[in-house]
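A, B, C, D, E, F and G are the chain letters, set down in written order, and residue numbers restart from 1 in every chain.
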Amino acid sequence: MEFLWCLVVGVMTTCGVFLMLERHIVRFLFGMILISSAINLAIFVAGRLTRGNPPLIASDALLPAAGYANPVPQALILTAIVIGFGLLLFTLLLAYRAIKELGTADMDKMHNTEAGQ
Amino acid sequence: MNLFLLNILLAFGWMLLNGDYGSIDFTIGFLVGFFALLLTEPFRNKPNYGRKFWAALKLLAVFLYKLLTSSLQVVWDVITPTHLSHPAIIKVPLAVESDMEIMLLANLVSLTPGSLTLDVSADRRYLTVHAMFSQNEQSVIDDIKTTLERRILEVTRD
Amino acid sequence: MSSIIFRTSAHIVTVLMLVFSVYLLLRGHNNPGGGFIGGLIVVIAFALLMLAESPDYVRERLVYSPLAFAGFGVVLALLAGVLPLFFGQPFLTGLWLGKIGSPLLFDVGVYFAVLGSVLTILLNVEEELS
Amino acid sequence: MTDVMAFAINFAFAGLLASLALAFIRLCKGPSLADRVIALDLIAFISIGFIGVFTIYSNATAFMDIAITLALVAFLSTIAFARFIMRVSLSRADSSGEKS
Amino acid sequence: MTQWPLVLPVFIPLLTATACAFSFRSHKLSSVISWAGALANLCVALLLIQRVISQGLLVTAFGDWQAPFGIVFVADLLSASMVLITAIIGVAIVLYSTTDLRSKPFYAIYHSFIHVLLAGVMGSFLTGDIFNLYVFFEVMLITSFGLMVINANRQQVDGAVKYVVLNLISTMVFLLAIGLLYGATGTLNMADLNAKVALLPETTMMLIAGLFLFGFAIKASAFPVFSWLPASYHHLPSAIVALYAALLTKVGVYALIRVFTVVFDLVDSGYQPLLIIIAGLTMLTGVLGAASQFNIKRILSFHIISQIGYMLMGLAIYTPLAITGAIFYIIHHIIVKANLFLIGGFLQRRQGSDNLRELGGAYQSMPWLALLFLIPAFSLAGFPPLSGFWGKFLVIKASLQTDAYLLAATALFVSLMTIYSMTKIWAEAFWKPLPDNAAAPIALTRLENCLYIVPIVALAVITILIGLLAEPVYQLAETSAINLLNPERYINAVLGNMPEPGQISVLAAGESQP
Amino acid sequence: MQNRIPKLWLAFCVLLPLAIFLLVGASYKPPESLLRWSWIPSLGIDFSLRFDGLSILFASLISGVGFLVQLYAVAYMKPYKGRGAFHLYLTLFMLAMLGLVLADNLLLMFVFWELTTLTSYLLIGFNHEQEGSRKNALQAMLVTGSGGLALLAGLIMLGEMAGTYSISAIITQGAALSQHPWFTPSMLLILLGAGTKSAQFPFHFWLPGAMAAPTPVSAYLHSSTMVKAGVYLLARLLPVYGHSALWFPLLCGAGAFTALWCAIQAYRQTDLKLMLAFSTNVILGQLVMLIGIGSSYAVTAALLLIAAHSFYKAGLFMVVGNIDKATGTREYHELAGLRAVLAISFTAALVTAASKAGLPPSFGFLSKEYLYKAGLEFGWLLSATMLLANAIMVALALLIVIKPFLRPHHDKAAAMKAVEHNQLLWLPPIILALLSVIVPVALLNWYQGLVIDPAAKVMLATAQVKTVKLWTGINLPLLLSAATLLLGIVLYVVYPRLKPWLDRVMSKLPSGPAVYQQLLDAVVKLASWQTRLLQHGQLTQYSLQFFLVLLAFLGTVLWQLFPLPPIDWDLKYYDIILALFLVIATFAVVKAPTLLTAVAALGTIGFLTTLVFLVYSAPDVAKTQLLVETLIVVFIAIVLRHLSAANTVPRHSALRRLVHAGVAVGIGISISLALWIITAAPLNQEISEFYAQNSVSGGKGRNIVNVILVDFRAFDTLGEIVVVVIAALATVAVLAGKRINNMVADREHS
Amino acid sequence: MMDWVVASCLIAGVLFSFFSALGILRMPDAYIRMHSSTKAGTIGIGLIMVAAALHFQDISVTSRAVGIIAFLLMTAPVAAQLLGKSLLMNKYKMWRGHD
């Protein structure tokens, strides 16, 4: 079943990259959200998929039920999601400020800094 | 007093959620609920609540019945090839006054057949309702006022 | 947004969410949940309240600046980390007193850090943009 | 798992996924933002239902919490969208910031 | 008690940052806290390197979960010396910021961010876990975003957009690479990865290594993925750009060095020829970029890229001598580049501009500053016996030894162009008389002057010391390089009493345990 | 300001060279001695000094002439600003020069070599408020600097070949090194270094340019010190590279051509200082030629010429400096009748010019005799060239003496003022003039024993050094000397007619500075072009560039992936449908007509990924993903509310979008394949096993993921909350920034 | 026996959900689509939750199911009301039937 999700990751990445190359800064952000999701999914898939057996230990057991899902990628993704969330919020509001300050949402029109080089 | 009751209810809700029933859990739940209430301070203009359990249960029963029938009515309209409805936007005058009552009525109106609350007027005098089967506007208004509003008032007023 | 219906239900829903968040935080060690999820639910609760009322109303309810909560959270987490060092154990080693342990303290730190931070962003966004 | 349960669960999955598909079409078709938001709201509902069914299917009760969480947040996002639509109407700028 | 000196380099800055943020109402209080934190950190860094020199590699496993299960901090000579240099820069920048940023509304937050950034940098240097490295990279990244936008004007916002957009690409690729690496090996500990990566099929290994190389190359601002740096650095406040210039790209290079020695073997990964080309082009494009600029900060920004090329060159050649050179170069460059930006910032503060066309007369008005400028400038240009010469000498010698003549020639040409740039700044800002249309210099108070000059002097003295006492620094770099190329010691120290690497690999190849 | 220089500092600067002169002299025990301190032993770099004939010759010239120049500068620089620094630079330069000639370690020598470049830069640009000075200083820096870099490479190669950087040790290896493949390359590189420093054609032009410096600098750098560093290096390495077949033709060719070419250039000059500068080039050419010849005679001639030139050229520069001081000009046709005010300088000029012209019994005569002797061993061509060059020297010597001093003063000539009341202005040149005569007449034996014999031995193991005599009877060299004199007089006489013709011819030839400037401009132009190309400011193009590189990284490996592993079709229908929905929603984001629609689609993706995480047993991730995605959607909705419709952005051209699509698809496929290949192999679950086993016992928790987050890998989580908190602060900053900027702007307005 | 009850609850719930989705697709205007999603959706999910509660018969699941239902009853109409209000403010043109 990993194969299917490899494909989905590929599609999400493709669309994410495509959006990240667009001129509208908000659409860039959408691309970034897509790629973040794709990468989280990729990490998840890379840790192998297990159906319906979360890595929880029953209150009367010392070990999880056999065939439990790999908890490591889950923990990694959690950290990555949170970090990505912080980065994304910042980027979103930076984009807002840039649009307000520079008067355009077009990333290619934002070149005050490199003028005169 | 009502806040205290609500707090106790929250504590029980806490125990329910935890699936643990002990004095420690109750205390924790109570404290958590206490702080939650402290933070949000709901029902600032609280009316004098009566404990009208019976009225409330009746309200609930009526409501569930209406919900089911209304759903079936909608489903029927959905699955039949033609659109049966005669929609209209209707202003329903209100007898209820407090925030809580208005909310309750508005939500119940939304969840019952053929009507959907769209707005409350700024002076709280009437609800704006979208009615799906409004061949006769007055019957829609009467239906809301007699079945829902009356029963709500039974619950909330002494 | 000044709808009576929304405001009234938002108050109720917020209370429920706050309770739910603490519940998720405390049981997170044994069941799905934990500081981060709990913290985010607090944020959603206050987001509702903010949408129903106003950012100022939320700030008033919170008493302290949300950033202070965030700082408090970081300090708690750092404290949970550094505590074992005084017992000659490595940074962030779990110290347990019955059911209460430094990892839980750490998780509470996460809870506060997250709710403080995201609330800060939320309130600032609402205030600065309007 | 009994046959009847297996059937019910399979039926549930299929039905919910079909519902999802329908909601999807509305999401893509629009035409107004409100229509899309309604679709999104319903997708959240269907997802809650899916989680319920999946909980029964997998016997992992831990998943029920996700349903609650989903219910909580779906409400918030719908409200945020509603607010957006209101604001747009207030400022009378047609489809502001929407053209890409 | 080995844990303390390993943890404190991250712990102190984080605590200091929190304290600074809480004391935002009083500039004085936050300054004092910031100074205290920076100095305490310097002491810890000194203690750490002393420990490492006397006891060898230090390892602490957080939560007492041994590697490869938990996260470890490892201080080998390289890490410890990088931490020390970072702590030195920290003190210098904090002092300088006290006056340079004093009038800014977010003064305390600046200090807070500076400390978090230092924590991120030191964490990156110390960590022995690849995912933890990612986390520290993110700490650095978000902090650098923050520092970039505090009190930002139009240009800064514009630069910040580019910086953020392009760095996010790097971050994402880095994360993806870690995910794939975990999927392929089942571990995240760098020491543990060493053996497990060796068992991977070659193509898998190359794919993952390529992703790491790409991600770190952006961080290090290597050709052709350096555009974010010249687009964003030059409008930043001087203290901040000095901090960035000194540390951020170097962490990228450090990560490249660490990952492509301990985790992947650069030669085995197949990327050595490519890296050689990248190194050469990085040097060349960077220095040419500088030659076309007329603002001090822009010139210096492009020179960061160019000098990164030298460091990459050291890594690319991949002999002990070359890596020694790279490490020597990193140490030298951190000090020197920070100092140049500090001096540029001082000129800008006095003159209100860093455009060479609007500057002049500094030789007359501030002869001592002129002298102080000469030291880092000609060190950067690779004049002996200043620190930059030895780094240059080592990498060129290494490239000649490996018959990489074109690379050596490029490095020499780049060195010449660096001389050109440095003399350009010198001639225009110091020698040239002040243009008639230029504004009169701002008079600074004695204390302000002092706070500006003390860090500059200190860094200049360190530059001279590194140059004159090159032997111990060389020893340090050489030992580090040898240990990097023979990571067994590192691996054994980290994995402790784990089974032999061979046994782990058997486990890796076989079925997972029940 | 300028008069406030502490006397003590001046005294120190003057006396230091004298002290060094005496110390060096006293510590010298022929034939050679060595001092060694450890510096960077790991790199084979010692601080080792070598005292032998060659180094002692240079060291004593550097310190001796240095003393006189410092003395002269005390007087000369009096009106200059910042002359304290001038003396500092001069002293530092001298120390660097001393280090260069005394070093017994190639790299130590290089250290000093570069220090002379640096300090000479400061000296040449001393009059830095004039643009010309700055430009010429840079020119000298870049030309000698580039040579220095070549030299570094050459020295490293030489050190590698020999296995040591110790000069003594390398010299003893001598011929053995010539078998090494690096022998010739390293020689060429070193020659490049020496050639630039010693201003050999085509690098000769920086030296006249360096005349922008105050005259004491010229008297020092361009007579006895810096320009001779290259000569010194060649002499030092003669035992190593003399074995090369290229050595003789290269050095003789370059040297002879430089001598002739620069002689003609010198002949054309009207500025006395420039005239001297070009004639310095001539001597340097001759010295290089002599070392290239490398015979006993040649070595002897070189050792004589080095000293002779130092004396007379330093003296002449000082004389010209005095002329400049007295009249404010150095153009000879504006000068006349200077004998009246510069009587002592005239005497010095007379003697030093005689030495320059090679009149017996001056030092110049002696060195020229030996030059001819050495040249004659190798046929007429070299000798004829030298004869022509020397004849021009004679003409110039005549010119320098006759035009300013012996012509009667006339109206058109520049006004003069008396300057010789300051003894320090005439004392040093007269001492140098005296030395030019005394050494050949009285101290020749002493010079031979102390310098020529040991130095020749060092340079040439086989040297058969004859006793140097002023008078060796009437022989061919003497006749050539006479011919030189005659020709020189002729050239002086025809000078007025020859010069215009020469100017016409030469102006058609490319000039050194012009070529240098064109080269520099070309590099700067290339730099600007490249920077415009790479740093164009178009953000999406940068992104495209980055992604293209990523694609290149992935794509090159991709071809090697085949054959691919088999596909494991263990799928449920809801897997496929979920995946399908996810894909559709993803496309919906891309195709969405409005931003808000895209946000709605993103929200859907959030719900769907939640379901995916749910289905594959990750409840914590599902919850977090859900919360985060929802909050993101909420935040975007809030932000979009406040962006106006004015922000419509045109899309890229269709072609560009096609390229984007291509890149995106390429990257997507690569990542899919990579992930597939990785997941097709079994995973080592060692670590998750460990976590599962220790979760309850060690972590006291039953949610393994949470135990990882707060215990096993809590450190990551600590970093993560730091990121979130900083993100919050940064967001506050980015949002408040505009308001604060406006506030500040308002405050400044009011 | 319980299986049958659970199964019928499930199927009924899913049917309600499906019709609600069909409704938002088929209905002529946004107001009527909201009727469909709010009512049918709520009851559909409610029934599925009842099924879950009955299936597990476990206090923690039941409490959650009840919580979800209560929460939906409380929020769904509010969300619909706000959306409706926004439509009103936008002067959204209502579908008026066939006549």
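We adopt the following convention: a residue touches a chain if its C-beta (ideal position, glycine included) is under 8 Å from a C-beta of that chain, and two chains touch if they have at least 3 such contacts.
What you are looking at is a predicted structure, and each value in this text was computed from that prediction instead of being measured.
Using the touch definition up top, find the fewest steps from chain E to chain G.
2
Look at the interfaces D-F and A-F and say which one is made up of more C-beta pairs in contact.
Most C-beta pairs in contact, of the two: A-F.
Select the chain whose centre, defined as the mean of its C-alpha atoms, is least distant from the mean of all protein C-alpha atoms.
Central chain is E.
Which integer distance in Å separates the CA centroid of chain B from that of chain F?
Distance between chain centres: 85 Å.
Please work out the Cα centroid separation of chain C and chain E, and write it as a whole number of Å.
A distance of 35 Å separates the two centres.
Centroid from C-alpha atoms only, then distance chain A to chain C, rounded to Å. What do you get?
Chain centroid spacing, chain A to chain C, equals 23 Å.
Can you work out the whole-Å distance between the CA centroids of chain B and chain G?
16
Mind pulling the residue numbers of chain B that touch at least two other chains?
13, 17-18, 103, 106-107, 117, 119
Two-or-more-chain contact residues of chain F, please, as numbers and ranges.
Those would be 531, 535, 537, 539, 543, 547, 595, 598, 615, 617, 619-620, 623-624, 627-628, 630-631, 634-635, 638-643, 647, 649, 651, 671, 675, 678-679, 683, 685, 687, 691, 698, 702-703, 705, 709, 711-717, 720-724, 726-731, 734-737.
What parts of chain A, by residue number, touch at least two of the other chains?
Answer for chain A, listing residues that touch two or more other chains: 20, 22, 24, 26-27, 42, 45-48, 51-54, 56, 59, 72, 78-79, 82-83, 86-87, 89-90, 93-97, 101, 107, 110-111, 113-114, 117.
Hey, which chains are touching each other here?
Once each pair is checked, the touching ones are A-C, A-D, A-E, A-F, B-C, B-G, C-D, C-E, C-F, C-G, D-F, D-G, E-F.
Which residues of chain C touch chain G in their complex?
Its residues touching chain G are 1, 3, 5-6, 9, 12-13, 16.
Could you list, by residue number, the parts of chain D that touch chain F in their complex?
By the definition above, chain D touches chain F via 13-14, 17, 20-21, 24, 27-28, 30, 33, 36-37, 39-40, 43-44, 47, 50-51, 54, 60, 62-63, 65-66, 69-70, 73-74, 76-77, 80-81, 83-84, 87-88, 93-100.
If we count contacts the way the header does, which residues on chain D are in touch with chain C in the complex?
Residue positions touching the partner: 62, 65-66, 68-69, 72-73, 75-76, 79-80, 83, 86.
Can you list the chain A residues touching chain D in their complex?
Counting only chain A, the residues touching chain D are 22, 24, 26-27, 51-54, 56.
Which residues of chain G touch chain C in the complex?
71, 74-75, 77-78, 81-82, 85
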